[in-house]
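You will see chain A twice below: alongside chain B first, and alongside chain C after that.
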Partner chain A sequence: MKAGWIAILRKEIKSELRQKSGLVTTLLFGIFAVITISFATFDLAISPQLAAGLLGVAMLFSAIVGLPRVILVEEEQGTGDLLRLLAQPEDVFWGKAIYNLLFMVATTIAISVLFFGFTHMGLRNLPLLLLCLSGACMAYAGTVTLCGALVAHASNRTALAGVLAVPLLLPLSFMAVSGLRVALDVNEAFNLTRGFISGIGLVLYGAATLSVGSYLFAAVWKR
Partner chain B sequence: MLGVSNLGKRYGSRWLFRNLGFRLGSGDCLVVLGENGSGKSTLLKTLVGLLTPTEGKVEAKAKVGYSALDLAVYPALSAREHLELSGELRGIPNDADRLLDYVGLSRAADQLAQEFSTGMRARLKMAIALQAAPQVLVLDEPGAGLDEVGRNLISRVVEDQLKMGVVVLATNDPQERRFASFELEIKS
Partner chain C sequence: MKYALALAVALVTVWSFLVPDAVGFQRPELARVFFWHFPCPILATLLLIIGAWFSFKFQRTGDLRWDVRAVACMELGYIFCLMTMATGIIFSKVQWGAWWQNDPRQTSFLMVLLIYAAYFGLRGAMTDDVKRASNSGVYALSALLPMLFLTFVFPRLPGVESFHPNESIMQGQIKGQYAYVVVAVMVLMAWLSAWMYRIRVRAGILELKLEEMANGLENGSGDSAGSTVVRPVRVSRES
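Right after this comes the complex of A and B.
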């Protein structure tokens, strides 16, 4: 792998900092989701299961709203051909996947800080929480980048990206919720080892989608 | 430098072109003519590798540069940043200043492309196409949207290119036909 992916990553960051379309939309979605959840559960004690589900849903939808855009926008603004002429497919995939990973990390930090701030949830195990959140970021970035690439040439690509992502994101969401509910379980009702297995599963899922994605992307990127 | 044999492209049941064959060497300029929608742009995209031919093959034993009316640039990047990006991706040294001067965009070097006129975008795309010093230059409607100064630039680029390589030019502009060593008309 050459350093071309760094040039793509730099282009994505510059474009996002100047246009602010993707990050603002995603952050606003995440912030509103957390505030709405906090408002709805204002006078309730939230169980770790429910809290894990709510945090998982906020992350999942933030990923679906923001991440496919990084590939689809190339076709929508007509720059896909320019990129095809200049760059190797693996450079495009890695540049965009790493951008999506950074994007997902920034969004997850914002959502998590707000979530814990508003809901006053307790925490059982910080390393497990960090493992689950970072694994989920990797897996969301890899899966959604791949889905964006697969539908890039389709006419109704935005809708199709969401549909295609569902079967790939379901097992990932199950693992994320399964790990997060143990990390948030202050009553220690759930087995900690199972939580770590879910967290490691998320990291492996992310590594698998990223590595398989770079090969699949080369096949689908060229017309 | 550029050879095509038995080339064909089909969309659905409609063949845009078929059994196409030619071989171009240094100093040759092929002008591709045809009505709108006849398949000129598709042929050029097939020549540069953006589209896969349905049958036949393209052999380019040289670096290829491509500029087209429907090729977009990044709205949030400046002209200089476009050339820095393309230079990095191609693995060639940064020569943005020389290229921007050549295409007459020096004063707009740090202006974002979203503020560019159609003609300025065409100049930027020409600079990107020329950056790799291509032996084969493929231009799709290069004069469209350009003023007199821009058209003079196209003439200069084509004349300079023909001293060291090949030009393939799709156009309906009678003035640009004067460069032709060969003409190819695609009929729909």
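Right after this comes the complex of A and C.
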């Protein structure tokens, strides 16, 4: 079990380092999103609520662009059946979900650094920001990995992966935005405890998504 | 049976217009849309949860009849979701002054609609019956958590202020004849949905039997392929 998911994770990392297409595409998407936000709001003082929403949207769509690829590419290259023969579904899920988590963490760091650099937003509470971002990354990785598996055999699968993932991720985005707006609120208008409740809720939601996702993934992958 | 149902719907509709106007509404005479609005989200949520349970049963057994039951529940649940939105939008216009208020409950219910629209999108994109049932079933199960969050948790989060009262029934704001009509409409709608569910499931199971018969004919001697044609055979990966 342990060696199985590590082998899948190593395969994904090696494959990405060889091609670099997924990371480059997602990072470029994130950079474009942040630059567009900065361009649209260059003469405005962005409120924490708006900034939290914009950062949440940039993260959400970066996840949808980059994460399903890790499953879909197996079907496109014709390696999916070989993987089904050689590996347990749980190993495949955990290997790919953890790869997606690392991928999402790298993307989120890049987007957040660019976002703060371009918009000159202040920061009230760094631990809360990190809590919200890490919870969001966990939940995005679990949900989008599962959605990738759901559409792997469907027609028009790339677009469909986004269509399935966005509604499932919207409640998470609500929680992420309500936590992030407190983390970005330098004027201290919002209650810090409520921000932490949202952040902890997000991490728990992410943990639930990853743990339930492994069982649901097995049900789809073996058929 | 169906005549009794039609008669009951007609009687309750007339009754809903005969009860005295409720207090506390901008336009009390038009607030009667509440009778039809209130039961819809309750039945929709219930049907979507039962649909997810049937999907779980399909995952356990692999029997396509569970998928037929799940789809019947999902379709009916979705119809009730649409009716919730339609009656809610009318209520919003007549009582709050705008078709769309950006009310957290309105928005969260719209999200639920989107989540289950994607369910039907996924079913439409799969051609193989078993894969369609399996994948859409897993989606229905994974949609359960966001659906429950959006319906029950999100509107009650601290700082989320809605026009929708959370405790109108519990605190006795809906009482007397008004409450009786609400309960009567709820019972009627549940009866109607049970009736439609039975018809949908019966039709779905007949469809499955027809498909099985068609496959049997195709594999039998009556319409067999020539000896040079090799037919693909389904191979189970289960050991």
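Structure notes:
Everything that follows uses one rule, which is that the second predicted complex is superposed on the first by the 222 of 223 C-alpha atoms of A that agree within 3 Å, B and C clash if a C-alpha of one lies under 4 Å from a C-alpha of the other, contacts with A are read in each partner's own complex, and residues count from 1 in each chain.
In this section, a contact is a pair of C-beta atoms (placed from the backbone, for glycine too) under 8 Å apart; a residue touches a chain by one contact, two chains touch by 3 or more.
What you see is a predicted model; the values in this text were computed from it and never measured.
Contact with chain B, but none with chain C, is seen for A:Ala7 once the two complexes are overlaid on the shared chain. When the two structures are aligned on the shared chain, A:Gln19 is found in touch with chain B, with no touch to chain C. Shared-chain residue A:Phe174: touches chain C; no touch with chain B. When the shared chain is aligned, chain B comes close enough to touch A:Ala87, but chain C does not. In the superposed model, A:Lys222 makes contact with both chain B and chain C. When the shared chain is aligned, chain C comes close enough to touch A:Arg194, but chain B does not.
In the overlay built on the shared chain, the residue A:Asn156 is in contact with chain C alone; chain B does not reach it.
When the two complexes are overlaid, the chain among chain B and chain C that reaches more residues of chain A is C. With both structures placed on the common chain, the touch criterion links A:Gln77 to chain B but leaves chain C unconnected. Residues 84, 222-223 of chain A contact both chain B in one complex and chain C in the other. Chain contact summary for the complex, chain A toward chain B: residues 2-4, 6-8, 10-11, 14-15, 18-19, 77-79, 81-82, 84-88, 91, 222-223. Against chain A, the residues of chain B that register as touching in their complex are 45, 48-52, 66, 68, 70-77, 81, 85-86, 88-91, 112, 128. The touching residues of chain A, when paired with chain C in their complex, are 84, 143, 146, 150-151, 153-157, 160, 163-164, 166-168, 170-172, 174, 178, 191, 194, 197, 205, 208-209, 212-213, 216-217, 219-220, 222-223.
On the side of chain C, the complex with chain A involves touching residues 59, 111, 114-115, 117-118, 121-122, 125-128, 130-131, 134-135, 137-139, 141-143, 145-146, 149-150, 154, 157-159, 237-238.
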